[in-house]
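As structure tokens, here come the structures.
Below are two complexes that have chain A in common, paired first with chain B and then with chain C.
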Partner chain A sequence: MCSIEDVPNEVDVKIKSITKKCIKCKSTPTILIRHSTYCKQCFQHAFVGKFRKNMDKLRSVNSKGEKVMVGFSGGPSSSRAMLQLLSDYNEVLPNEISKKPLFSEVLVCHIDESSIFGLDDSDDHDVILSQVEQVAQNYNYSFIGLQIDDIYSPDYTSNGSYNKVLEVTFDKSKQQDIDELHAKICQQETSTKKKLQSLLDGVSKFTAKEDLAWHLKQCLLINTARKNGCTKLLLGDCSTRLSIKIISLTSKGRGFSLPLETSGLNSSFGDVTIVRPMKDMLSKEIGIYNKFQGFEATIISSLTSMMPPKSSIDRLTEEFIVKLERDFPSTVSTISRTAAKLTPPEFIDSDNRCIICLMPYQKDDKIWQSRITVMTTPSSSTIVKIQNSTSENSIINSSTCSGAATCCSSDCCTSKDLNICSLTDFLCYACRINMRDINSITLPPYVSEDVQKRSGRENLKKSIEEYFLNDDD
Partner chain B sequence: MKLQEKVIQLRKLNLELDFWLDHLEPNLVAAYRSEIDEDFWGRIVKIDRVFGSGGGDNYVTEWSISFFPYDSKRSSLSSNRLELEDIPYGIVSVPFKTDKGFKRNTMVRLCVICNKERAIVKRPKTGQQVCRECFYYVFETEIHNTITDNKLFKKGDKVAIAASGGKDSTVLAYVMKLLNQRYQYGLDLFLLSIDEGITGYRDDSLETVKRNQQQYELPLKIVSYSELYGWSMDQIVKEVGLKNNCTFCGVFRRQALDRGAVILDVDHIVTGHNADDIAETILMNILRGDIARLPRCTEICTTGDGSIQRSKPFKYTYEKEIVMYAYFKKLDYFSTECVYSPNAYRGHVRTFIKDLESIRPSAIIDIIHSGEAFEVKEGVKLPIQGVCKRCGYMSSNELCKACMLLEGLNRGLPKLGIGKNFKQKE
Partner chain C sequence: GGVELLFNNVRQKIIEIPSRINLPKPTTMEDLILWIKDNLLQERSELFVSGNTVRPGILVLINDTDWELEGELEYEIKDNDDIVFISTLHGG
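Now for the complex of A and B:
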């Protein structure tokens, strides 16, 4: 297929004479960012300016001294630069009596993910952790060090003591109905580490593994911020990282929640607002800044570090964008600008939030999916179920689930396992796709708590459904 | 020797299996005695093509076949040879272990949909293993669902199928005719082809379209660039060179299709754009920051003001499945890339999508799902759709792109209207 206007405009950029000047002060430049050259001072000035601009937006919204939490990955990363920038920004010099710091207190939270790749027993591990803690202490910020498997502890549920997990199994031999999941809420007397391990071992593809790991981490961060009374959670995603995220989220079918997941200011979690003040800086700029600041490099690996590009969608997208940016230096900024023009979903309440990724989803995408990807023929046995998937399924669900749910709400059978038949109803499109790559996994209490609440509500709704007024009536 | 005893017991049962046991026993017994006939056991399965009168037949040979006493027609087997079609149905699994401890089962798989026929393809969209008939069924039904769910047509509509002779449009013509009959859409179908005037590409593919016309018994109309614009693509390339020539071709084709539709007096044009194309366009629009086209490119049906409707029934159909369908149905199509090759940037995106698809088969549908959910923020400036002063075709500028390009060509300024900084001259 031929197409029009394929070539982005940068190809026409002419290479000008080598004797370039710093675009600000006309002195000899040392740094090239996209098409502009800077000297060291002007670069740093412009870099800090981008950060201040994003922080100033917060000032107008809320001028009271708030508590804020910084998500700190620990590496020579954008979050490292962010700590420095934040400290500079929040500092009040003794002579500035009238000025108030924007934040009354800064907490630094680091989540140790090494147990995901089995590195937590290595010798370097403790050294790295103490280095990470040292960084926070250098700024006199209180440090919260967590393990990724802490999400399995009952502390991170909304009632604070819910301890049941959700066991989900997917029978791959039943290829006809690839979205059928078996799920039960149950008590597991194993360590949080073992539970996390069972999650990771039960997922066969890296794409789904990375997704789940991120959802757990995000939930852990938000809950920690909430527990510590922080109203803002600062994340260090830079524009390079965000543009990779935009393309990979699109590729994973997360277009609906994408504007939220990549926005500079996401207040969809209510009491905790996620802020990304580094969203306008390229990873190259951050690298240069960190080098000028003399920040030492600590290597924090991720799930697909050192893996070939085709090992996961995130990894492939990273490779794709980084390569493209090398040849077409406006790729990253164009992607970020495009995504910033998309509008986030409007109505978000607990009923249309995915229980795993906590993002809002569209309710009717299941029907859409079954229409455009036909899995059965009229002669095959399961046809009735698929064709009437919406109505039939709900009948099955209500008849089998209602007994258990009402029973459990009265707390008479807390020891019994609760089977959930309609788990896919509580999942967003992309999380449902992820579930195709699992065998058997254990999801943390924050998920099971929500499932129990929601299935109770669904049953309640079904019993009064006939009285609801429809627009068609 | 337990095995031999069992064989004797088996013979006593009078199952008329002697012919099979006679044939199988020596080898099995020898293997138990560790006298392994490496030549026999070394080859598990092999497909031989035997050519004889009336074409070739596929034979499966070697030891795994020795374990079948009968073929699917219930006639007994005496040799180690079996025709591919005659392998009995039912999952037959043979676990084996290689030197490296690698375990797997070889199976004759059944179609996961009907559970009767033998699966012949792995569906690119779902990874399901399905038989030929079930593949046809799901392929056609998904297109039918797309058409009916989006209410693309009304009874009595006159519909032109944009036919290039390539795989997409050939399958589209075939499927449209088939569904029109099967589900009584009541459509009047036409074939509409554009002759861009590209020697060595379009002239050959148009021959295919002409054959399709006879095969499908549909009226055909061909409109050419030289007759509409006074310029053929070969002449344009001579003028503008190989860079940007796809811009001319694309812009002109869009209009040419509409003009052809007017000549045919149809209400609707269907094009062969498939799911891969749409996913690619979504990513392209994000990458080049085309916020105006981003929500528009996922629309299944587009209408200019008053002009003819245009839709994409293959919106959710994978390119690979279209090729499969054409292959199994033995459809006559033309498969050569355009001689004026596509550009590099889109090539990167295309490769990326192919790689995504190999990681996760549903990726193409997932991208379209994302694209459909995108909504542009209020207050973002979008170009206003107007009408071209010269030709009356919809346009976001005073002059439409086609008129602009044409003027450039006619005035000997072929760069007019290309790139970012063009000025429109009065």
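Now for the complex of A and C:
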């Protein structure tokens, strides 16, 4: 196997630049993407062409003007390029009166994550916000700026006024079963910023922190799109970012929802379709396009900026794939092509969704997990517990519930608190794993609203269970 | 991209470097990167260089041309060359 460290001798280098031509117009090439060389104009032409191809898939026969929302993080690569491409795609030139623009209105939504770092009062923060708003105004698009701690306000629940939060504590000292999650719905009077900070402080691992932050953002974006009547949500994930996501989601145990989280078109949320038009462009192409267009990038830090590679799974995967891509340029496209063959699960109803990440999960994956997990050494008591799981579980859960009445020691919870048994039944496998890292956290209202609905339904089902006819009757 | 964070937020710099750092060969990109690391990098050098080349994920454009087409590290720098480092690792 030839070594990558070989220094190319001069003869090789000269031959490379003479024989390579732009594959479209045969002039001198200036850009190398994967194994093809392009000159500047052909590169830009091909780049725009990829975007248009993905957008044309959205056109259907009866499409009238739709409202779309663009998720704009303001980072250097995708969103900035996507806005420019979108505005070029959507504009109607004066000589093309018969052509109708696909989108009647475009809203740009930016979620400000500075509360995560506690940077609310610094000057840099305001500069970044105004830069982002300026960018949106350059295209005459309406701008919606949100703070990530807004997820704790009641505006983002389905009925619009649900204000209670879900307090979850995990007793690490017992270490017996994942069922040891004490959950309680109660009212809390602290500010949204403080709630968010306590949520992230209560989680120890960075992987779980990043996951939670992403789920909160996703919920915010979808609910904002719904509230504003947008039928489509455009996200700017490039193919490099998507293949990093594919590998890291697989490592975190989210393979079941992987086809939904990484596909170009995701209609599992019903009224809002999530579209990723940049999924065929490498981050390198986007970086070069931005440079040619002269875009100034705003600097947005994330939780793991400037951190060593092993700080979280996402960071490690990013390091791995980017390094591999440099020496083997077809890595990203191979990963994307392979993952595109996965089909999403067929039945997605509201009962089958994880309450935190809003993605579908498999039924009975909890039983599977308890079977493969070894938490204590096998003793007679544990074996008895598993065998009588269905009947015993309800007894065990009710005893932990009565114990949970003392779990919340703060005075701000009212007496109308609702204790939730079997919270883990409503979580997908990966979110359950994340719950292992917590001490005591407060989940936002959209989670507690869902939990209340679902446990209400479960209780109702149990009370009329004996009246159900079996299939074989 | 975000590379300027490592350089104390200075985006552009016209530098004069000696035309022969490693006699008798003329100055190449490899020498430039090492020079930047020693003279201009304010912190966290492992986020910019990896070994004797740039970290994967950082694009280099020489006069608007991909450096891989110019020989990467072996390219000899000429007067008034415009060299751009772009980070592709954040945002979306």
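Methods note: the second predicted complex is superposed on the first by the 405 of 473 C-alpha atoms of A that agree within 3 Å, B and C clash if a C-alpha of one lies under 4 Å from a C-alpha of the other, contacts with A are read in each partner's own complex, and residues count from 1 in each chain.
As a working rule, contacts are C-beta pairs under 8 Å (C-beta built on N, C-alpha and C of every residue); 3 or more make two chains touch, one makes a residue touch a chain.
Quick caveat: nothing in here was measured; it's all calculated off a predicted structure.
Of the two partner chains placed by superposition, only chain B is touched by A:Ile247; chain C is not. By the touch criterion stated above, A:Ile286 is placed in contact with chain C alone, chain B being left untouched. Of the two partner chains placed around the shared chain by superposition, chain C is the only one that A:Lys20 touches, whereas chain B remains out of contact. If you count the residues of chain A touched by chain B and by chain C, you find the higher number for B. Of the two partner chains, chain B is the only one that A:Arg371 touches; chain C does not reach it. By the touch criterion defined above, A:Leu129 reaches neither chain B nor chain C.
Of the two partner chains, chain B is the only one touched by A:Tyr429; chain C is not. Across the superposed pair, chain B and chain C both touch chain A at residues 7-8, 323. For chain B in complex with chain A, the residues that touch the partner chain are 112-115, 125-126, 128-129, 134, 137-138, 141-142, 145-146, 149, 244, 246-247, 249-251, 273, 277, 281-291, 294, 316, 338, 340, 342-343, 345-346, 348, 352, 355-356, 358-360, 362-363, 365-367, 369-378, 380, 401, 419-420.
Within the complex formed with chain C, the chain A residues making contact are 7-8, 10, 13, 16-17, 20, 29-32, 37, 40, 73-80, 235-238, 240-241, 283-284, 286-288, 290-292, 297, 299-302, 305-306, 318, 322-323, 325-326. Against chain B, in their complex, chain A makes its touches with residues 1-9, 12, 175-176, 178, 205, 207, 246-247, 249-256, 258, 309-310, 312-313, 316-317, 320, 323-324, 328, 331, 334-335, 337-339, 341-343, 362, 365, 368, 371-377, 379-381, 429-430, 433, 436.
Listing the residues of chain C that touch chain A in their complex gives 1-2, 4-5, 44, 47, 56-57, 59, 61, 64-66, 68-71, 74, 84, 86-92.
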